[in-house]
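Supplied in structure tokens, the structure appears directly below.
The letters A, B and C name the chains in turn, as written, and every chain counts its residues from 1.
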Amino acid sequence: MSEPPLVDVRGLSRTFDVSKPWLNRVLEGDERRLLKAVQDVSFTIERRETFALVGESGSGKSTVAKMVVGLLQPTDGSVTIDGVDMWKGSAAGDIKALRRRIQMIFQDPYASLNPRWRVGRIIADPIRAFGLAKGKAEIEHRTGELLRLVGLDPLDARKYPHEFSGGQRQRICIARALSSKPQFLVCDEPTSALDVSVQAQILNLMRDLQDQFGLTYLFISHNLAVVRHMAARIGVMYLGRLVEIAPAGALFSAPQHPYSRMLLDAVPDLKMSGRPRKMIEGEIPNPIRPPPGCAFHPRCPLATDQCRSEVPLPLAFQGRTVACHEAGAGRI
Amino acid sequence: MEIDAGDEDGSAAADDTGFLARVRDNDLLHSFLRNRLVVVAAAVTLTFVLLSVLAPWIAPHDPYDVRTLSLLDSHTPPAWEQGGDPRFLLGTDDQGRDILSTILFGARISIAIGILSVLLAMGIGVSLGLIAGYFGGPADTVIMRIADVQLTFPAILTALLIDGVARVMLGAHQSAGGEFWILVVAIGLSYWVQYARTVRGVTLVERNKEYVQAARLIGLGPFKIMFAQVLPNVMSPVLVIATINLALAVLTEATLSFLGVGLPPTEPSLGTLIRIGNNFLMSGEYWIVIFPGIALAALVLAVNLVGDWLRDALNPKLR
Amino acid sequence: MTRPVLSVRGLRVEFPTRKGVLVAVDDISFDIAEGEVLGVVGESGAGKSMTGSAVIGLIEPPGRIAGGEVRLDGRRIDNLPYEEMRRIRGRRIGMIFQDPLTSLNPLYRIGDQIVETIRAHAPVGEKAARQRAIALLGDVGIQGAEARIDSYPHQFSGGMRQRVVIALALAADPELVIADEPTTALDVSIQAQIIQLLKRLCRERGTAVMLITHDMGVIAETADRVAVMYAGRIAEIGPVRDVVQSPHHPYTKGLMGSIPTLDANAPRLMQIPGAMPRLNAIPKGCAFHPRCMEALGRCWQDRPEPAAIGRSEVACWLTAGAVAGAGR
């Protein structure tokens, strides 16, 4: 590989203070409560690659997305995109230039468009903010072009978001994201609010656009099948930590972390092949008081005493990274 | 490369609740026309506003023009009573001023103070609410604590206090229009809290919506986001509050004037007229107080009814 | 053949509006046998939840049942007065909704809610009802039911709450359970647990289940038969294996093709152009024809009625023609 990866995330952590207000703490004798939403997450994304983060609620995947895109300051660790550190030690000019090249597509197509703005203004907002086009005519031309690109009509620019269906709104969001000519798109559950037939349209559109513009995607989802369809490499998250990173094919044919294995088994079997499956027992623990050692150990059939006391470190292993004491022992 | 045509317009998906909600939202005009009482109330309000704006041209007399006043005309009962004078439909007061004309001019002043003080309260409340809701933290704490403290006093008390302080501070320099602006400020400062609380609540919700995050992502500053993105989305509850607040402001002005800390008799508002007329109630000259009183009640009631309807129509959850 | 537990014939649900009458459910018929799970699947706006609401008599006004009939154990229930219908809900028809909090009263201990349901529908004493509630909670997989029966709903996690709701739905031993998106709000791993639980309990008790969901995967895992809805009508209904593996209706085919699967990494998914029509713009003829790749001339004009193909029934002129042609 000649080029360095576009995105380099190292030791990323984020802690939220979820304590009660100060006065309540004093009066009620409560302690400070810290929620370690993301702990020591590292991964890289190659240019024009789709890297997916998959996990259930509380896994911290959306928090990682917000830190990577620049919406949330990490407590620790670094996000470096194309050689520019997003959070520290970079010149303001570099950061501004970087912002233009990163965009985000959100989960809720209803909340992500300002209901009081016309579609044309919504899409033109980044164009204006970065000064990418001058004059009304040029901006309008560019907006129309973007709408056509995502399969809508340039005349739709005059309408308000409520006149569109969920799928069409997500197309508008994609048009807005593309309007600053970005290189890197962070997609946080872009299709989980959509119906399956519409989801297929949006996923196909995203792949087409990736081919056309050489985009790099960080794709966040809880849906393993969608992730399988979109991503080249996948990171599996559980309670704030990455438990496994592997190429998509390898992860799905032979998961190495017990949690990845169980997540796969939990996916409903549409082929009705009757493949043998293990049910994940128990529930996701409260992230404010995670279990000691490996956070997955209370639900893990392979857990040993070591798992109950020691946090497993991510280890490179057959072209992937696995954070499990038992990985490679042939028991999974 | 093939990119598929977008969803055909008009055949777009809509979940059942979303669709029903839209039918309901679209029906503002329909709901208005169906509600006879509200139509009447709106007509009354509109008439008041029109009459008061046009008062200098349509009033039969100019009650401020001392040259046209004659003490000989004073204490004339309404035209239909014995001793009434067809020139003075609703009778005259102790200085011979035509009651109908003083009501028209008085309503003009009352409505002007009402609207201006509402605008002031709205400006302060909306800005502070946006700041408190968007920034949170210490800004939020300081603003909302001040609001809480102010809420522990009745608005009329706050208005009296501000009015008093302003009068003392301006002291002898009081110019003719001074009282007018003192009232606007006193009433405006008494009613900003409700705007701030509502706007803060809505802003807290809107701030976390993804369209705001999308705006932050392209590096827009907080004030630009607050006023360009969030503000349009908090306007419908603000409009409701403003309408109901208008009735309150008119009433507060009347109360202050009635208590004698409002407008002087030389520049009477509806409240001042009622105070003056009150002195003659015992002597049987009921018309001096009753007609301004009816005018005030009708105006406040009409505005309130419109406000109540608007609140229910725009946001059933606000009740 | 035994009488079906639930029998729906020609059901029609209308919403009168100022701009005309909207038809949310249009002339649909289906049966559910004892111990059978019928999946009702469709995208948003298909009318699947409205069908469920119609069966339990909970359509919000101004909506109303405008035609057809609903029979529970052979007895008509769609025209019952409100009070009588209220007694049937909970006692003879159990309900499970997407959000467990809509079924559980946050102010009451879960045990009290279950005991109340048991006693409202069966002549048992407080003690006996409590014993049954504990057994029921154990059945739905709540460990230490004896200790947790006096907890409040907020003391449970989302998955556990849904288990409590299932216990509540089954408390009066109903003949029919209507589950509307019971797993949609849950995480993947919890979802699988709840599906298995629901399936096992209803099988053991011989309860008929109407499972309403947008998720084909859940249907494939749980249902015996499946009805695919589109624009207020049933496009295809049949045994789940037949419908999932060899669908006949072009909409079902498109729907199945648009679901990403775990094993294949095809560059593109099959997709249906456009979106579900709005209720005020349902196309004439077959409602699916504007999105259908194989639409015939008559699809624009005449509405296809469900016709048998193998063990399924399909409402489509393409397959109707094929059957008629083969018959000749």
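Simple rule for what comes next: a residue touches a chain if its C-beta (ideal position, glycine included) is under 8 Å from a C-beta of that chain, and two chains touch if they have at least 3 such contacts.
Worth saying up front: this structure is predicted, and the values here are computed from it rather than measured.
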{"item": "Set of chains adjacent to chain B and to chain C", "value": "A"}
{"item": "Result of counting contacting C-beta pairs for A-C and A-B, higher pair", "value": "A-C"}
{"item": "Chain centre separation (chain B, chain C; CA means) in Å", "value": "52"}
{"item": "Centroid spacing, where centroids are CA-atom means, of chain A and chain B in whole angstrom", "value": "49"}
{"item": "Centre-to-centre distance between chain C and chain A (centres being mean Cα positions), rounded to whole Å", "value": "32"}
{"item": "Contacts with two or more other chains, residues of chain A listed in rising order", "value": "165-168, 195, 198, 201, 204"}
{"item": "Sites on chain C at which at least two other chains make contact", "value": "43-44, 271, 273, 275-276"}
{"item": "Junction residues of chain B - those touching two or more other chains", "value": "4-5, 7, 12-14"}
{"item": "Chain C to chain A touching residues, read off their complex", "value": "43-44, 157, 159-160, 187-193, 195-196, 214-218, 220-221, 240-241, 244-245, 254-263, 265-273, 275-276"}
{"item": "Of all residues in chain A, those that touch chain C in their complex", "value": "56-57, 165-168, 195-201, 203-204, 207, 222-226, 228-229, 248-249, 252, 262-272, 279-280, 283-284"}
{"item": "Chain A contact footprint on chain B (complex, rising order)", "value": "1-7, 9, 12-14, 22, 209-211, 213-220, 229, 232-233"}
{"item": "In the complex with chain B, residue positions of chain A that touch it", "value": "69-71, 96, 99-100, 102-104, 106-108, 111-117, 122, 125-126, 129-130, 149-153, 156, 162, 164-168, 171, 173, 176, 180, 195, 198, 201, 204-205, 208, 211-212"}
